[in-house]
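What follows is a short report on a single structure.
Per-chain numbering from 1; labels A, B and C assigned in written order.
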Amino acid sequence: MSPAHFSIIEKVILAGLTLVALGSFSYEVLRRVFIVQKGLGSFPFDRFGERLFRVFREVLLHEKVIRERPFPGLMHALVFWGFLVFGLVTIDHFSIGFYKPIMSESVHHAYSKIVIPFAVFVIFGILSLAYRRFINRPKALGKISPTSGLVAVFIVVLMVTYIYGETDLSPFVWKINWWIHSILILAFLFLIPRSKHLHLVLAPFNIFFRSFQQPDHTPVHIDLEGDEDELDTMLNDLTKMTKNQALDIFSCVECGRCTDVCPANRGGGILDPKYHFIMDLRDPVLEGRDVAVLDQINVDAGWECTTCQACTEVCPVGNHVEKSDEIRRLEVLVEGRVPQEYQKLFTNLQETGNTEGASSSPFADSFPVFTPDKDYVLWLGCFARHGLDPNFNKSVENFTKILDVAGMTYGVLADEQCSGDPANRLGDKLTYTMLREHNMEQLSETKKVVTLCPHCAVNLGKEYGKYGTINYTVEHHTQVIGRLIDEGKIKVQMGESGKVTYHDPCNLSRMLDIVDEPRKAIQAASSNFQEMEESGRDTLCCGAGGALWWKKETQGRTHLVRAEQVIESEADTVVTGCNFCYGMMKQGLSPMTPEGREDVVVKDVADMVADNLI
Amino acid sequence: MDILVILEDNRGSLHRMSKEAIAGAQKMGGSISALAIGSNADALAEELSGVDLVEVITVSHDLVSSYNADGYSEVVKQVIESESPQTIVIGHSYQTRDFMPRVSAKLDIPFIPDIISMDDGIVKQVLNAKLNASCSTSAEQMILSFQSAAFSDEDMASGSCTSRTFDSNLDSATVRAESEEPFQEAAGDVDLEAAELLVSIGRGIEKEENIQIAFDLAKALGAEVSASRPVVDSGWVEPFRQVGSSGQNVSPKLYFSLGISGAIQHVVGMKGSKNILAINKDPDAPIFEIADYAVVGDVLEIVPKLIEALHN
Amino acid sequence: MKIAVLVKQVPGSETALPILGNHSWIDEQQVSFVMNPPDNFAIEEALLIKERTGDGEVVIVSMGPARAQKVIREGLAKGADRGIHLEEEGQIQTDPLSIAKSFTSILKDENFDLVLTGLQSDDTGMGQTGVLIGEMLGMSTGTLAMETDVQDNTIRVKRELESGWFQWVRLPLPASISIQSGLNTPRYPSLRGIMGAKKKEIKVVSPSDHQTGSISQSIEKVFVPQASKQTEVIEGDADAAVMRIVEILKSDIKVL
């Protein structure tokens, strides 16, 4: 192929079109960047290497894209890798138009041997995806999107024109083909920032900047004795998104994975994270050109969220999808609109420091009081203290039995109040502040805390840390048990009969990243352990998260969806590591058990180990 | 007179609580008269012609032909002033709450309400019925109202009594309310917490098809239907019927549980019920620990027969 | 439109109730207190009426020891304009007439258009205060209101009657109305409301300025009800059981 000749007029036209396309692209991108810049806080650059590595895995290797939807994910990966390979090709392509090619003929020829197969992959990939989107029409993708159709056509034609251009063509035909290819690319540039395809540009950044901790909501500092103007500013700022949240809105690819995994949605509720937490905010943000849009989130949907972070975990472009914290705190702190059952809950927490309004806890009194010479503060949590499911109290006792056997000492705090998780997750940051400040004082002499409740662990260990320095470490009891087994301080025999499975609590697996230790403990006691579907960090929430344990009117059957999966696993025993999951399993399994089948036994990890201690 | 019992007109006939009040007064002893007000006063007096009372005083002034607080309280005041009863007794109904305190204020006579027993002093419930209180008064006269079923209308002693009219002095300016006709509302979402009688369904009902017998029983008793969580979760009844820690908290006069085992999450929502009648196949069901009446049997067998018996 | 809402601070429903040594009442030192739950509906109704009529003043009035100011503040945080605290010392008053006279002495000079109360208090449960005050102030009275409708100088009230019956009554203002629980959805105090409440006025009236000294009834002692939970077990065949059940329903529980 001899170098083509472009007349001056052609070059001027090309320059003109390119400038318009680049200009339009830049304008739309900058417009959005400008809005993102208005967001609160700043983009994080800490743990730089880890962030870069994460981009490598999730962008280059397409880890999350493939994981939840393997086949479409792989198809998308083909298209993506094709794009990467085409980078050089495109630069070369335009260079030919303006001046001369970058690659020499031999390089061009050699490179095309790589590119052409990729072009075929891309065509295969994009046609599979188009088939899925337009013929299969999965619910998660929503309405037919004309833009997606256009993009599919563009990509196919681009690949075809490339391949065609590598064949032996007359100069005239080659030129026509070249122009088609160029105009499509410029049209693409025009389309990208105005559609979800902006993720091409934004996703790598969004993934880079994503928090390492989930959930990651801005702390709400309240000082009742403080300046009233400061309080006013703080309340006004509650409607504003952070920079990360704003970037999320523009990065969303509308794939619907978040909705697919949402337990509230799957239980028949109205919550649809894709729309309620992300898409609904897009127009307000663009129209208002500002980030103060959090009050636009659908309130009813917001109350249904279990805060389990499945949506955040699954998002392939790094969005922190869940925004129940944001809308709930607006409803509570600014509007004073709180469902009645939660008003009672808040009053109980304020008046008595626990969720039940109880004046004492005989259960707590049955344990030794903590003194600084003891190894651990045994943090009980309201669930155990006030017998929200009295059967679980036995599990707590089983854990202390394990500690006794291992020779570890422990005591309960004399004045333990609710860790504040329900107040925190429901948006009552004022009550949360009261409880947190009280508990921080109680824990001032403490070095090590162990608790059976992951919700308590998340708050004591991570959330409290957002408001001030914490001087103690928090461990979940499964971590302690795991370590005691490793250190040989307790010996467990495989005495468990029947098939055993494990339900990962969302607070434990996703928020605390504790997945292996419970399994280590279970597999020390049982030789017949089998994973459930959606386990580990992909776990399906039991339905009690987000303080929904206390919600009276259950519109959906969120708490039964996971119970159904337990039944389907045909396990004889389901083990869990959270008191709420324990309670939910106990309530949810019996209605779901088919007639004639034995009820599935529910155990905590502590029960499984204590029952099989040597 | 010793005791004046104020009667209530329940759409033309004597309100059950008025009969209970008479029985209570009779138990207290002394000379007892009754007061009937309104357009049906004579009919009420007629109903009591065979009861052991001194007499029934009737007032049928135009301004009190139907109930209103202004008129009734003024009439009662005048009768009390004229007859000087030592004790004024009445059933603690919604109507009593509406006008009797007016009488108390007009005459500065203390009103001890919602009494559950007169056996050992004047006893009423306090602190959400968690404790009982023994009350007393230093005044010469007192007004007492009795809680529903503190006494039994069946204990009204028979005898005979006459009636006489009382001319009350009522000024049209006294009666300020414009009352419309009472009406019933279409059943919407039921407020279980307000229901007096509940028939509650548990897993012992076994299948969705059997739910209807619970509703039929409820209808026969004039009760509302509630359920335990598993029944709601199975989708057999609406969520608002759920009783328990994550449902409604109820304390009806009668909690009639059908096939409910008595799991703690359920019990915390109904243990305040005044009477618990439980049917369950399992003699060791935890519900029997808090039940007043424990029927060990099959719900599916007993309930249809019970419905039939109630219809006879 | 000037509305007074009478509220009371009572022991929480979940709290244990230790009885004093002399059995005269419970030991309030060991108890946690809350706003009387029915009063929440009265406060909400007052705020709604104020919002509907467009102008007006909602005043929270409460009688109790110093700790009662907390519930007055709660009402202010929800949106009421000011509060009046009738101070009590020592044990709480339990005589409705005496309590009503105290309130009346303070309310009469304010010329309220409406006095709203909850249906009864969760501690003594006398359920008379609103009506007594109404009579003492010469107001028209209504109870168990499921709906209110203020029009011109009257208030239409939907009274709840027994067994699912209701009745609308129109009363001239001023009126004293007791509010039935459940007629509205009480709001929660917003943070701004809580902050603002600190600056709103609570007028404190000392005991000598409102107590009349005349007590006509009192609570002599409180005691735990005899748990006569003797379970009667009914076994046998279905027919026998059914007969016994009918008897129980008729004669023992008396619901037939």
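Simple rule for what comes next: a residue touches a chain if its C-beta (ideal position, glycine included) is under 8 Å from a C-beta of that chain, and two chains touch if they have at least 3 such contacts.
Just so it is clear, the structure is predicted and the values come from calculations on it, not from any experiment.
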item: Comparison of A-C and B-C by number of C-beta pairs in contact, larger one; value: B-C
item: Reference subunit B; chain at largest CA-centroid distance; value: A
item: For subunit A paired with subunit B, centre-to-centre distance based on mean C-alpha positions, whole Å; value: 55
item: Chain centre separation (subunit A, subunit C; CA means) in Å; value: 47
item: Gap in Å, rounded to a whole number, between the CA centres of subunit C and subunit B; value: 20
item: In subunit C, residues with contacts to at least two other chains; value: 13
item: Of all residues in subunit A, the ones touching two or more other chains; value: none
item: Footprint of subunit C on subunit B - complex, ascending; value: 68-70, 73, 93-95, 97-102, 104-106, 108-114, 121, 124-139, 142, 149, 152, 154, 176-185, 187, 191, 193-194, 196-197, 221-222, 253-254, 275, 277, 288-298, 301-302, 305-306, 309-310
item: Contacting residues of subunit A [partner subunit B, same complex]; value: 387-390, 549-555, 557, 559-560, 587-588, 590-591
item: Residue numbers on subunit B that touch subunit A, as the complex places them; value: 203, 229-235, 239-240, 242, 245-248, 264-265
item: Residues on subunit C engaged by subunit B in the complex (per definition of touch); value: 11, 13, 17, 19, 26, 95-97, 100, 122-128, 131-132, 134-136, 140-144, 159-162, 164-172, 178, 182, 215-225, 229, 231-235, 238-239, 241-246, 248-249, 251-256
item: In the complex with subunit A, residue positions of subunit C that touch it; value: 12-16, 30-34, 78, 185-195
